[in-house]
Every structure is written in structure tokens, then in C-alpha cells.
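First comes the structure, then the notes that go with it.
Residue numbering begins at 1 within each chain, and the chains themselves are lettered A, B and C in the order written.
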Amino acid sequence: MSSPVFPSLWRPLWRHNYLPRGVLQLPESTVLELKNITKSYFGVTVLKGINLSVKPGEIHAIVGENGAGKSTLMNLIFGMPVIHETGGFEGDILMDGQPVKISSPRQAMELGIGMVHQEFMLIPGFTITENIKLNREITKPNLASKVLGSGLETLDFPAMRKDSRQALEKLGLAIDESTFVSRLPVGYMQFVEIAREIDKKNARLIVFDEPTAVLAESEADQLIAAMKRLAEQGIAILFITHRLDEVMACSDTISILRDGELVKTLTRNETSVGEIAELMVGRKLERSPLPGRATEPSDEDLILELKDFRVEMPGERVRGLNLKVRRGEILGIGGLAGQGKVGIANGVMGLYPASGHVIKDGVELRLNDPKAALEAKMAFVSEDRRGVGLLLDESIAVNIVLTSIETQNKFLRWTILPGVRLLDQKAVHDYTLKIIKDLDIRCTGPNQPVRRLSGGNQQKVCLARAFSLHPEILWVSEPTRGIDIGAKQLVLDLLVQFNRKYGMTIIMTSSELNELRRICDRIALVYKGKVAGILKPDASDRDFGLMIAGKQLAKEVG
Amino acid sequence: MELKGRKIKSLFNFDHLKTFYEKFGLPRLIISCFLLGLFLLAFIMKMDLAILISNSLERIGMNGLLVLAMLPTLVTGVGLNFGLPLGFICGLVGGVISMEFNLTGFTGFFTAILCSLPLAALTGYLYAALLERVRGQEMMVGTYVGFAVVAGMCIFWLMAPFKNPAMIFAIGGKGLRTTLTLNEHYAKILNNFLAFKLFGVTIPTGLLLFFALFCWLAYLFLRTRTGMAMLATGANPMYATSSGINIRKMRYTSVILSNILAAIGALVYEQSYGFIQLYTAPLYMAFPAVAAALIGGATLKRATVGHIIIGTILFQTLLTIALPVTQTVLQGTDISEIARMIISNGMILYALTRNERG
Amino acid sequence: MTAPKITPQTLPDKTTEKTPQGSHLDRILGEMSVPIFFALLCFIGIIAADLSPRFLVNEIITRLARNSFLVLSLIIPVIAGLGLNFGIVIGAMSGQAALIIITHLGIGGLPGFLLAALISVPFSVTLGWLTGQVLNRAKGREMVTGYILGFFANGLYQLVFLVLVGTLIPMNNPKLMLSSGIGLRNTIDLIAVNRALDNALFNSVKLGAFKVPWATFLVIGLLCLFTSYFTKTKLGQQMRAVGQDMHIAEVSGINVNRTRLIAIIISTVLGAWGQLIYLQNIGTFNTYNSHEQVGMFSIAALLIGGASISKATIWNALLGVLLFHTLFVVSPLAGQRILGIPQVGEYFRSFLAYGIIAVSLALHAWQSRKKVESKDKG
């Protein structure tokens, strides 16, 4: 078992950190067992009949695409309020073979379940000790506390420090426990979080929610090493991640979630990165033929080129990306969350600080200036519909025309006052009526506030807003997120219609590979802020899976 | 108010009652009822309603522009302009300069406005630059900047090199007086312009027209490209940015506009009052204006010219008639000041603690 | 078979990069720049005013005793992240209500004073609880809300004592009330409790040539001890956590709203007692105005002592009272001497008080915005 299946894929660093853990000698008993868990939000089933068991000392990885149900599963195990506020779930959770009810994070903690959050839950102005012992302080009674209650008991700092020291040592972390967290490098903070979990005397199972997302590579290696130390001490670990090489480096068991179903549970030495990737992506593809064009787009005629493009978008950094866009095509941009695919459109459109080169029709675009991007005949439908895309309390009409007014002086009429132009309400009304009809926006009329519209119709308003600018390039991010299935198809059809009828070049970013494969000419997959490769929509699931995980392939297109 | 165009289908349709209630809002309902009650009381006590109404009209015109000064900053999401005293003082400086040259009548009034404009624009720019840096705490910083400026200007009034003997302290010959009478300059010049009497009610035509003119201009402005850009900035800064709007510029513009309106408002206020009040007088100027805007239905994120007009009318009428009515009813105890404090601050508290959606 | 031990050497050592040597002095100078500036101003003022040292020292002792308690009562809300408690005015009102009651009952001396302190507790706890409720609904804008709440409460206070007393609240005391039989007089004489605390202990012991209100200083000392003890208790730790990050505190199972509520209640009670100490020293009070400036002056003093919206210590409070009130004493005379106009000094004083609050608020907002921005980028 000590020989890795894909030796060439291993990063050198793993080699000296990875120590074979011998033949698996996990005990028969289980810490946690999930039986037939089903959960739905508002009629949409997000988890279907999940069965899962974790043994003491086992590192159990859970992998899956965005929206596969990983976070719902974790929220469920940790008793997050969001689960119960939305009607609870079906199925049983067992700990040590006994059914338990976890209805709050507090209860989860009492049962010995700890959670290491993706974002650090540490108070920067507190020392490591104070953070580890937050709200679990060791106190000594005194005169005042006897009269006025335990809240006034004095803190026993020496005892707290001793405990923290122990917890840090368990992790193998040699750092002064009275250091302020604000002075720690990011890599350490994660360890403090873990120390806090293991300091809870009854810690039996710790959930790591994408713990390496914010860490540098060397730091991630340290974390993996620490996880192994914990497992050796008999603590069970649930490890949620996107990074398949990390999964291969440390986990004993791997469960793959897809569309809310547990597709397969594998042991590490029985599988390969390729197989996991295939299982993550694979699903039936219904691809109906799209209408043809007079001339198919080609590399001869480029409309846009990104060179060494970088975007500082928190959580979605783009780091030196190169991409060529053909005139008239629908280009898909896919990839996992956090890899930077969302940052590209936001950077080009000037919404997040960007650097590098963007060349449209041979002219260099001025970066970090939304107006310049709009004037270069590009439009953007944001992934954050309610946050960026809409003025929720304004009317449909205002939402659709405002950008055109600001950038193209449309819908304004001259007045008797020299140089003063006012909103041409009649023109707006007529135009909005027409576009409502064209895009089939279901509403009571142009004056309805968009807050009252359904998600699908709100998305159509966003598309109408972008369409009204008559762009040459339309950037669309996550166009079908949060809208129901019927509306999804309509939105995709609309994009195809924009492309075929008006010749708009469309660059569509989406987490759903399936919809990219349905309407795109080519799909670029982004990994670590760069294009890992470009695939045809009919490439195999395995190719898509590997490329999403950042593996270079021999047979790419364009 | 926004219900005008709607047909009420059935008298017993509670949906409409509910939307009416939601749109009108509880505070406005309470205050309107309170106001109605006061009028009823006044009628029962056989008080001179004509005088009450005349005074109310005067107070409305007098304060209207100061309330309107809240509009630009509310629209762009900067919030309530608690720094109103800053603009107010710019107006006072203009007024004092015009007085120094002994200008009278409309010449005097408009010279005062002209003098105050560049000052208001400049200080408005600096104030805007400050507010931009303290986003999220604009209200508190604004309040104390206003206070500090008032206190600092007290030193200016004492030291400023004005020479007109009508303005400086009789004793010592240095420093401006606390109140400067405008009788020989432009006292009530707007109030008396085309003023007439109707059923015993004096209508201060000029004053009301002046207020109406500015409201109309504000209404038009919000329908220009810049006005729409401001609206978008306030409603959703990210939407605005993605529409190519320079939101920082919009915020600056709104603060400068607010400051200018406050300066003009100050002069309108003082001419109607008949005196220019210096030193600590402008200290609490912001509060009644803020309260009026909120009573009118404006929230920290959304305001229209209609809100401003309704708010000014409700709040000023209430203040004007509360004094004589309660004095008559309670035999001498003046609760108008107390009512002002409770209502205006209660209103501001309501706005601050209310959870706004979005 | 164990994984390698992690030591600071195996990770890039950023710890030392962030705290380069020698920055310690810079930091202290940075934190103390405000007090240093004001100390200089005081120094100039003292020289310009040319007061007799005896008068000056006497005046400062009196004012330290009079104001320190009020300023100290502001510290706990700062720790709990509620910023400067402009709602302290509400505490002051409760204290005054208690004083009105004991004056009406005619109980004087130290017993009267202690009774007032006792009576003020139910008022200030109730009002503090209400204040806390309001502030919990206005997270992120506690200060402006507390400030407006002060005005609002002032309106209610006036309604009670100017209109309701003698009408709805039966009371008959010609000495305290207006001739109409409705409402209290504008000033209330506190002869009965005048200096009741100041003179309670070692009345005859003088410090050199100066009379010292020993008992008052003892009480202030006790409050200092209490405050520093409190920050080391479990509740104090919870407040610090809430003050630093409400979200994390909540996730750790701390009841954030309740913790904030307790902080405000403590501050309000202390504010009431502070106002009692203040008024027993002055000996008379302005029924409708005495409390109005309390918040502003106390906050200005705290800030001048080097505190900020998110950080305040006992030393900030005491140093601030010293500097602010020295300035208070000397500035009118200094204005007179330097510019020939006494009012200049007075206006300059209020300009400083308002200005320091404006600058602190602005600096704090500015810095926290920069922090948020760099967090977004980092």
C-alpha cells in the first residue's frame, strides 16, 4: 500500500511528509455513523440517502463538486441552526452505535464533535491561550463570585496556559502560547483552531472544512502532517476538500458526493486521482444540437486576448492567466470554487483590482475602470445577482436602462434648459415593455420592483440590462445559480439566441460543467488562477475531472 | 401619498389597508393623528386657527431648505447629514459679509447667497473627503465635526475684522454681536414678496415659492444622468460601479450639494427670523432637519422630494401649534420644547434601530 | 512513525518580521501622542494664565475628585465593543432622580448620600437595560444611537419633572416646586448632601496646604480596583471577546446580546453614582441641564487621556481628567492674557472638547476601514 498509484502526480513535498501508516488496522467500532440521511431545502433534495461511517483514528475524505452537498452534510453533523430552520432531515445519526440527536453546535461539541472552520474563528487581539480557551475558561471562585454568580470568577491563567501548551504539543507546535494571534502567520492560525478543538477534553471527531483553501503549499503540508498525528491518537477526522492530491496524501477512506448522492466510498490504496475525478464529474449529459453559424469561430479571428492577467478578488484570485477568445463563440469557463474562474470576468470589468493585459480587437483595455470596459462594448451579468446585478427596490425599467443611461446617454431627452437632459420616461416605458415581451419576463409591468420577481425573472432582468448595452462581448457568470430548472433552460436558450441571432461573443462562467457542455463551443478550465486547459464540450468525464483537479492533459484543444 | 393613482377596489379590502399602512408607516400615522388631535383641541379651545396656520406656513418655508439639504446625502447612501451646521455657518458668513457692505433688499439677500456658495462648495468638498474616509461612521463624525466647527467659528466671530458698527459689540469694539438684526437689510424679504391674506391666513408667497422652486429643481435633478447615478450609488454601490458610475464622485457631489443647500437654507431661515444668530446658535440645527426628513418617510437609504415636503409640513406644523395649544390647555406649562425633543429624537432612534432590508 | 514535529523553523518565520525591533518606543509614542499634545497645551496655558500654583493645585484636586468616577464609568462599554457610551447621560439622570427624592424626603448628610446611591440603582438598572436593548438593535452605530437616546431620554426626563410632577405624580413641596404647583424648580439646592462624601473621612487631614476629599478618592480607587479585577473575570473576558469580534464570540457560545446588555447596565449604574459624586461636590444642581454636558465632557476627557473607541484603560481615564480639567481651569485666563478676550479661551475649550471627539471618531473609523480593506486584499 505504500506505493502511490500515480507516482508522477505527487508533489515532491509530499514525499518526505508522507509516512506510510502501515496496513490499516482500524478498529471495528465506529465513532460516527450516518444512516440513510436525506435532506431537502424548500422541496429541492440536496442529500439523498447518505450512508457513511467513520472509525476512530480514521481520516475520511469527502470530495465533490460545488453544490454536491458537502457543506449541507457538515452543517447537519455539526447541528447548525440552518438545518433545523429549514425543516430538519430524515435518517439517523449514530455515535458509538447509539442514535443521537444533534440540534445545535453546542450539542455537537458536547458529543465530542469539533469543527475547524474554513475561515478562522480566532480573535486577533487575544493570545493563543485566550483563543483556545474562549468561553471555556478555567476559573477560580472568589468573594464577589460567591455573591454575584460564577460570571465574576477570576480567570486562572496558569492553568489555562498549561492546557493550551498540552494541546499545542499534541500537534507538535513549538510556539509560545501567550503570543497574540494577530502576530501569527496565517499558517499558524489554523493550528490554533485545531488546538482549540483537541483541547476540548472529549474530542472524538474533528471536521476539517476545506482547511487548506487559505494556506500556502508548505503550510498545507504541515497541516496534513498534524492531521495524521491526531489520527494516530485515535481521533477520527472528516476532511472536506477539493484538492485531490491532498486526499491521496493522507486519507484512509474517500467518499465521493455528487448531486447529493454518495456515489462511492473507496479506500485510498484501491483508487487513483483519475477515478475520483471521473466519479466527481460523471453524470448523464443531454446535449441537443445547437443551431449552426454561417462561419464558425476560429483562432484566425480573435476578439479578446488576456495576457498574464491577474485579479485580486478575495477567494477567487486570478494569477497570471492567458486566454484567447474567438469572435462569435460561446466560451465556457469552468473549475472548482476558489480556483479563480469567477475572478476573470470581475477583473476584466473593473470590479476587482486587476493587472496584466486585456486586448480587445487589438486595442489594450484600460484596467480597473468599469467605464472603460463598458465603453469597449463589453457587458457583464454578475454571479452576485442581488448584490451587484440589481437595484432590488427599484423598478424593472430602471434596472434595465440605468446602465445604458450612464454609459451611452440613451433614454435621455433635451430640455429647454441648455445642456440639461432629463430621463425620457416614455422611451424607457416603451423600450422596457418591448424587452419584457422579447425575453418573456413574467411581471405585472415595467414599474414592478425587481425584489418581487422570482430568481429566474430577476436573472432575465440582469440579461436585459446587459443586452440593452448592445455589447460585442457578453460576460455571464453563474447564470443559472439559484433559479429553478425550467428557468435554467430558458436562460441558456436566451444566451444561445443572443449568440446566434446578434452575433454576440459570450464568455460564460459556471460551476455547473453540464450547462457549460450544453451550450459552449469550448470550455476553459481554471485551476489555481490559471487556465489548466481547454476542452471540447464532448470530451470525456475523466478528462474534465482531471483537468478540474489541475492535471495537464496531452490532448487538449486550441 | 404614493397611493394617489390607485383605485381602491373595495372598502373592505384589507390588503389595501395593509399596503397603505406599510407605505405610510407607523410613525407618520402617529404623528398625523397627534397633529389632527392638536388641531381639534385648538378648535375646541376656540383658538385663532388662522394665526396658527399662518405661523405654520412661515415655519415650513423657513425650514424647508434645511430639510431638503438631507436629500442628496440620503439618496447617495452617505446617510443623514448631521454636519448640517457646517453648511449653515457658510450661509451665516455670506450673510455677515453682505451686511458688512450694508447691502439691502434682494441685492443684499442674493449677495449673501453668492458669497456663501464658494465657501459652502469648498468646505463641502473637504467635509466630503473626510466622510469618505470614515464611511460607516458618517453620522457620529458629522455631528462632532459640526460641533467643532461651530465652536471654532465662535473664535472667528470674536476675532474677525468686521467694521460695520451695527454688527460689532458696542463695548470693546471688537467681535461680532450674538444676534444681528436684519431689519434694515433683508429681514422677511422672501416672506413679504407677493404675500397676501386669505381667510385671515397670511400666505408668505415668496418664501413658499422659493422652497417650491428648490424642491422642483431637486426633483428634476434626480431625473438627470447625474441624479440617476446618485440614486444607483445609494441603492446599490456595486450595481453603480458595474454601471460605470464613479461612486466616490457621486458621494462627494452629494455632500457638496447638501452643504450648499444648508448654506442657502440658513439665509432663508435667518431672513425669515429677522436676525442673524451667531456663536453657538447653529449647534443643534441638524436635529430638527434630520427628524423632519425621517418623519416624512425617508429612511437611511432611500429618500424622495416627497418625503422631504411631507416631513417638513408635518414636523413644523406640529412644533408651531403645539406651543400655543398646550399652553392654553395646561395653563402656562410649555411642553412644545419637550415634545420637540421626544418626537424628533424618537424619530431618529426609530430610523437608527430599524432593520432595513437589503 | 510520527510525523515530523513542527517548530517555528519549519515555517517561514513571519513572527519577527511583523514586530521589528525598536518599534516598541514608536508604538508608545503613537499611543501617547494625544496626551502629550494636550500636556503641552496645558503647559502653555499654565504659563500664559499665570495662576497662583496654590489655586491651580487646589482646583485640580477638586476636579479630579469630582469627575474621575464619571469618566471611569465609560471604560467597560469600550471593552465590550460598544464604543464611547454617550448614553451615560441616562445614568446621570437616574442619579439626579435619586437626589430629588432624598431632597424631597429631607434626608441629608452621608446617610442621605448613601440612600441616594441606593435609590439610583433600580432606576439606572432599568434604564440601562432599556438602553442596552436599543443599542443591541443598532449594532455598528451604537454611538450615534446612544447619543440620540440621551436627547430622547432628556425629553422624557423633562416631561416627568416639568409636567407630570404635580399633575400625575402627586407631590407637594413648595421648596422644590414651581409656584404653579406643577413641575420642579430650575435649580435645586443640595445643602443637605453638600460634600457629604468629600468630607466623610479624615476631614481634618490635609495634604500640605491642600484640603483633600479622602473618601471620594477612596471610592474612585475602589472603582479602579473593581474595573481591573472585572477585566480578569470570566464575564470580563466574555466582554473583551464580544468587543473584539461579535461573530466569533457568538460561535463560541457566548450570548453576545446579554453580554453587551450587562456592560451597558454596569456603565449606567456607575454613571448614576458618578453624577451623585459630581453633584454632592458642587452642592447645587440645575434640574434640567446638569446632566446634558456630562457625556460630552467625560468622553472628551477619556479621549484626551489617550483612549480610543476600542481601547480604554484606567490610566487613560485618570490622565484625561487631569489634562482636560487643567485646560478647563487655565484656558479662559490664558485666552484673556494672550488675546485680550476671555471668551476666546472658553470657546477654545469647547472647540477642543468637540474637536478631540471628532478627531478620535474619525481616526477610529478611518483605521478600521483601512483594516477591513487590507483584510479583503490580504
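Note that in this section a contact is a pair of C-beta atoms (placed from the backbone, for glycine too) under 8 Å apart; a residue touches a chain by one contact, two chains touch by 3 or more.
Everything quoted here is computed from the prediction, not taken from an experiment.
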Checklist entry - Given which chains touch which, is the overall layout a line, a ring, a star, complete, or other? => result complete
Checklist entry - Relative to chain C, which chain has the most distant C-alpha mean position? => result A
Checklist outcome for this item: Separation of the C-alpha centres, chain A versus chain C, in whole Å, is 47
Checklist entry - From the C-alpha centre of chain B to that of chain C, how far is it in Å? => result 33
Checklist outcome for this item: In their shared complex, chain A is touched by residues of chain B numbered 220, 223-225, 228-229, 231-232, 235-236, 238-239, 241-246, 302, 358
Checklist outcome for this item: Per the touch rule, the chain A residues reaching chain B in their complex are 349-351, 370-371, 373-375, 380, 382, 384, 387-394, 398, 402-403, 405-407, 409, 412, 420-423, 451
Item to check | In the complex with chain C, residue positions of chain A that touch it | outcome: 17, 19, 21-22, 105-106, 109, 121-126, 130, 134-135, 137, 139, 144-145, 150-155, 171-175, 179, 183-185, 187-188, 191, 218-219, 222, 225-226, 228-229, 232, 312, 314, 353
Item to check | Interfacial residue positions of chain C with respect to chain B in the complex | outcome: 134, 137-138, 140-141, 143-145, 147-149, 151-152, 154-156, 158-159, 162-163, 180, 182-183, 339, 341, 343-344, 347-348, 350-351, 353-355, 357-358, 361-362, 364-366, 368-369
Next on the checklist: Under the stated contact criterion, what part of chain B meets chain C in this complex?
Outcome noted: 82, 130, 133-137, 139-141, 143-145, 147-148, 150-152, 154-155, 158-159, 174-175, 287, 330-333, 335, 337-342, 345-346, 348-349, 352-353, 355
